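Note that subunit A is present in both complexes that follow, paired respectively with subunit B and with subunit C.
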Partner chain A sequence: MNAASAPSKLYSDDVSLIVVLLDANPFFWASSAAAAGDSASSHHPTTTLPFSKLLNHVIPLLNSLLLLNQLNQVVLVATGVNSCGYIYDSGDGGGGSACGSVPAICSEILRRLEEFVVKDRLQGKSPDKVVATGVSSLLSGSLSLALCYIQRVFRSRARHPQPRILCLQGSPDGPEQYVAVMNAIFSAQRSMIPIDSCVMGVQHSAFLQQASYITGGVYLKPQQLDGLFQYLSAVFATDLQSRNFLQLPKPAGVDFRASCFCHKKTIDMGYVCSVCLSIFCKHHKKCSTCGSDFSQGPTDANADRKRKTSEVQP
Partner chain B sequence: MPQVRIIAKNFMDLVAALPAMKLDKLYESTFICEAVLRSLPPMAKRYVLQMLYIDTLITAKSMEEWLLPDGLSKHKVAIDRLLQLRVFLEVTDRKKETSYKINPKFQSNIQKYLVSGGTLPREPMPLSITVRLPTLEDLETYASEQWECFLLQLINSAQAEKLTSFSSSMIKICRENEPPKLTENGFQFLLMDTNAQLWYIIREYISTAEDRGVDPTDLISFLLELSFHTLGEAYNLNTLTDVQRIAIKDLADLGLVKLQQGRKESWFIPTKLATNLSASFTDSSSNKEGFVVVETNFRMYAYSTSKLYCEILRLFSRIEYQLPNLLVGAITKESLYNAFENGITADQVEHYQFCYYLLYLFTTLCVFCNNLIDSLLLYRIIICSDFFLNFCLFRLFVFFSKMHILELHKRYLQFQKMLQIRLGSGKPIKIELRSLLHIYTKIFHQRKYLKQHVILQGSWVDCCLKIQEPCD
Partner chain C sequence: MSGSVEVQRRFDHAGMGEEATRRRRRGGEEDDEEEEDEDERGMEAWERAYADERSWEDLQEDESGLLRPIDTKTLVHAQYRRRLLQKSAASAASRIQKGLIRYLYLVVDLSRAASETDYRPSRMVAVAKCAEAFIREFFDQNPLSHIGLVTIKDGVAHRLTDIGGSPESQIKALMGKLECSGDASLQNALELIHGYLSQIPSYGHREVLILYSARNTCDPGDIMETIKNCKNAKIRCSVIGLSAEIFICKHLCEETGGSYTVALDESHFKELLLEHAPPPPAIAEYAAANLIKMGFPQRGAEGVIAICSCHKDVKIGGGYTCPRCKARVCELPAECRICGLTLVSSPHLARSYHHLFPVTPFNEVSSVVPFKLSQKLAQTCYGCQQSLLSHGSKPAPHVSCPKCNQRFCLDCDIYIHESLHNCPGCESHRSSTT
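Then we have the complex of A and B:
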């Protein structure tokens, strides 16, 4: 695996380009806020975080990334339910220095997030889904947006910052996005772009565990969400060069389960096409991805066995 | 040039050398905290961020537990730097255990910055007064002109086209340059890139500030503040204190700011040199690509309009033609002798940033048999630097295949003697023989030859046995 763009053209120090993918799924955050309200009296107040408080942690993180190095660049991408969009790019229009305009950046981010959420809702086929907690956000879309942006940076100049992607995700994984997400992960691996994940939801995310494992990023599910900024600044703000020297959190195990291509269900065992490696949960006559024929199936094997036994017996 | 060893990271060392009280006073300004943070090594930056919202002490041992095995040296460097700059304060308790905590003033300033950003003590002036500001390109040409003029003055005062009116403080710095010959350190200075040179001059400026009755801390804080101004915007001169006003005139001579006068007001415009002041060093952003082409017959073509480059090239080559945008010259033995006599070593010629293509020098080694001393001198350039080794091995292959190693050794001893007679240099050339043999074995793997001849002569044995070590 030889990434064409990465090693020779990097700066020698810690100049970074960080693309932050922020989960803007209103269903997840609404349920999270409700849970936060409910659990004020319960014993786990720090495992849920309302969206307003989330921004209190994310915006200082963006500022601290920009503070660390004059040439650092930060891009914020929002992951909605039906669409994704670029919210903020520190590279354009920022001018010489970002100091003094932090409140301006903050208000701009908020304004654009609001516009994004409104637009996102209108793009949905059925405006209000019934199952609120099970709605997943479009992770594959935002990963693609991030990768395209980074590719553009690679191609525009010979010397460019070291890129990485930070995924702040809370919504559950949507198995229908499995193929797209895996494709994005493999292209990130080829371009040597680490994908870090910070999971703020209730359950672990198999997609993000695989993403961080395959691309060499960090996966973390913080236990105390009201200290999120400390996790973000201590773990995710570390530049790529220093990561070789520091011990960063590793997940206990990685969930490698795939989803089948036909029904988009998560499966442990299934059938694999030997030509294109597509995964199916049930036996099919033909591969839906590459069109290869599966007609020589288990039924023929039985027929052969019968023939053989009939031959052996005199 | 002052006879001091030139180190790249020199401004922050200056800041670190300030006494504790002055340093703490410096940290009252948010900009200085920011600039200091940006100048730290990457690991140190990370530690600062990590400790930013922690009020308790963290023991040194627990910090070391965060490291992977090979990170210990970087960790030590980072911690040393943090302690030097008094960003981290060391506390030793009764059990003799060291713990660190972050400097409270520094901490609160950075916390404030993260939430609300910093504000400059001055605002850009409205366009109604400043009417027409120079474009960014104009500013850049102005800055590079001023800077080059200054450097030219340092090399050769006769060559400077226009004598800018430097203040007496600046001239004092360059006082050592009375003789027109450039010393080894001077050459080293010229070969550094612009940011490093700038820092060096500014460091000298600040160290001599006390002689002029100016408090160096004020100067340092002004300079760091200057780096946060917006490029190309005009700022009113009456927002500066007296000290700063004097300083800004000197900085205008260097090309850091451009002074302009309107009807009633006068203002200054920071150039790129000023806004880059707080950039880190390792990111030396000098992506100058090679525009010097050296042919295999040592003719050299440099595409440049700058007088400064002409002077620098003149130091070790013979310029034949000087066209408006092209310099044609040749690297000859006389010019190289000149350069060596002035103490310029071959490494520096090689490390000069845009002489990537000097490696083509190598091919004329075939004159080895005839013009022994001359080619050996050229050879010395090549042997003394590993940089060339990697690129030129293939040429050596062709050359050395014709020579038996014993014969080579005999010749080498002859050369040694003749060199000592010719140049009177007492430097032992054993090191070169070692490298020579290193190359030989590397290319041909003819270790059997070496083993056969190992008992022949004493010095030979030394060299052979040490073949396996890397060259110095």
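Then we have the complex of A and C:
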């Protein structure tokens, strides 16, 4: 799982291409702002952050990434609740505007982010829904966009920057996106693209823990969101070559257990349908996903073999 | 005098070569079976490459006399689309599922014919290198499956490795024993494998992939009987030939429902071999549907000291604990050596889900038809933001997803269908059902 060295591609050592996936889920940020609002009474005052304060940390991070190396490239993709979209690409001349000057980049990003959020809201089925806390954002969509963009960079020229993906996520995981997120993770693993994640929500994200573990990235859930920029610049801003020399947060207890399809609870021993690989916690007569009939009783792979060999011996 | 005869002969060979090229190019448009030309007397393989292929004729000059780079993008894309449509047509037939739990025996021919040097440095070494890449790709796409190795040498088939789930041990065994001699016997190999494959659990799909270099087979008995036995045992046999098309191989593959292909050169051989890595369409009745008991172990914390059951050695940190008997294993997927429970992690199962939910093939967008008035003119590929216009305002060939109507460039199309297995357009829009 070591993604730091990739001898098969021609890289310049410390030049990076970072695709930042920013969570722009209005439901999550609204509830976060509400929680921050009554932080005076809450006993965790620094574990919530409103969106405006978030941008105070993220935009300096983008600028510092561009300052670390002249050839670095930063792309910002917003993960909304009904859509995903490209916000900013530093290699593009800043999307047509005057490149280089920091205030211009900053206002460009803010303007396009606002346009994105307005469009995202209008694409929803009921745009004026009451604030809900459990709504997930479209992580699989923005991961797929990021991977397509990185493939384009691979194709463009022989010497290209080392790509990586940084996921700033706060919304909870949407279980309906599981297959798509796993497909994206495996594709990133094959292309040796690490996925770093910084989780700003209330609970850990199992999807991002697996993503960072499988692709060799860093997973972090900061404890004090007031100092988010410090976490971001100390942990996520360094290029892949330099990570060999740094002490970065180690993965602690990645949960690889599966959840059963019938009750959605995590199990550590279960039954798997041999046709469609659906997971069940107890023995069923028929598979609910593919309809296969299990007429024989539950089998263990070795039980058949042991029985057969014991029959052969006289 | 002899010089001109020599030159004349070369022109004759070149003439034959051109016809062969034309035949091969036409043959390349069809499906599987292709024949290699007979060895032209007196010419080495490298000479034949110049005579037959004439790659210099593909170069073109532009108006100022500079060479124009060869545009292979549309050619590659056309090849890929043909492959994709073939696959989706095959799977659209009803009652065809994909066999996801496969038990495959890879048969490597180490007879005298494998020492031929038309594949550099020799057929045997080229086959071994491609087989290594195949084994890795196979376990990447089918993490719950198993591979075993069998070699044919001196007319006898020998089982190199037992059927197992770890790529490293298979590759090590293959690279260790690379010497060839004697005849090849197809029947002995099939009999041996038939015996081993009868012991595997009933939910597994049984497959044999034979990499055959010889042009004949020396069998002790009636090979037709053996083929009938394999067919009754529901073993799917496929052959990749390196020399020429042989009737008995074709018959074997047709009877058992496998595929028979003959390679033209090294890169073609690798392509044909890697086509066997994704799960093939399997007849529903061939493997009994079963619920297999599996365990999903937790990863041990750093610093935990335990004796692992695979190396019988003390290990510190990492590793996985079997949920039934609490033995430690080093890597997944594995079978617990103490209690026999199959141990996997959920990403391993998730690796096979894309075979069950493939991305629908995209439709080609004709650049002649004008865009509908209601549709905004999409100037950039939705996935990678590359401009879809070439040479000014003319739209370059591109594709669109039938479900979300987003437009993608050709490279994104290939990447999405072959590696990513997610349509970015469909994933970036919340569907109405959720």
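We take it that the second predicted complex is superposed on the first by the 233 of 314 C-alpha atoms of A that agree within 3 Å, B and C clash if a C-alpha of one lies under 4 Å from a C-alpha of the other, contacts with A are read in each partner's own complex, and residues count from 1 in each chain.
Just so we're on the same page, a contact is a pair of C-beta atoms (placed from the backbone, for glycine too) under 8 Å apart; a residue touches a chain by one contact, two chains touch by 3 or more.
From a predicted model like this one, the values you see are computed outputs, not experimental measurements.
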| item | value |
| --- | --- |
| Partner chain(s) touched by A:60 [first = subunit B, second = subunit C, both, neither] | first |
| Which superposed partner A:273 touches (first subunit B, second subunit C, both, neither) | second |
| Touching partner for A:69 - first (subunit B), second (subunit C), both, neither | first |
| First (subunit B), second (subunit C), both or neither touched by A:233 | first |
| Subunit A residues touched - subunit C or subunit B, whichever exceeds | C |
| Touched partner set for A:245, first subunit B, second subunit C, both or neither | first |
| Contact set on subunit A toward subunit B in their complex | 11-15, 60, 63-64, 67-71, 95-103, 158-159, 229-230, 233-234, 237-239, 241-242, 244-247 |
| Parts of subunit A lying in touch with subunit C, wherever the complex brings them together | 81-86, 89, 123-125, 138, 140-142, 144-145, 147-149, 151-152, 155, 174, 176-180, 182-187, 190-191, 210, 214, 250, 252-258, 267-277, 279-280, 283-284, 287, 290, 292-296, 298-306, 308 |
| Interface residues, subunit C side, partner subunit A - complex | 97, 100-101, 140, 144, 199-204, 287-299, 301-302, 323-324, 335, 340-342, 345-347, 349-354, 356-357, 381-386, 411-412, 415-416, 419-424, 427-430, 432, 434 |
| Residue numbers on subunit B that touch subunit A, as the complex places them | 30-31, 34, 37-38, 42-43, 45-46, 49-50, 52-54, 65-68, 70-71, 74-75, 110, 113-120, 228-231, 275, 278-280, 282-283, 287 |
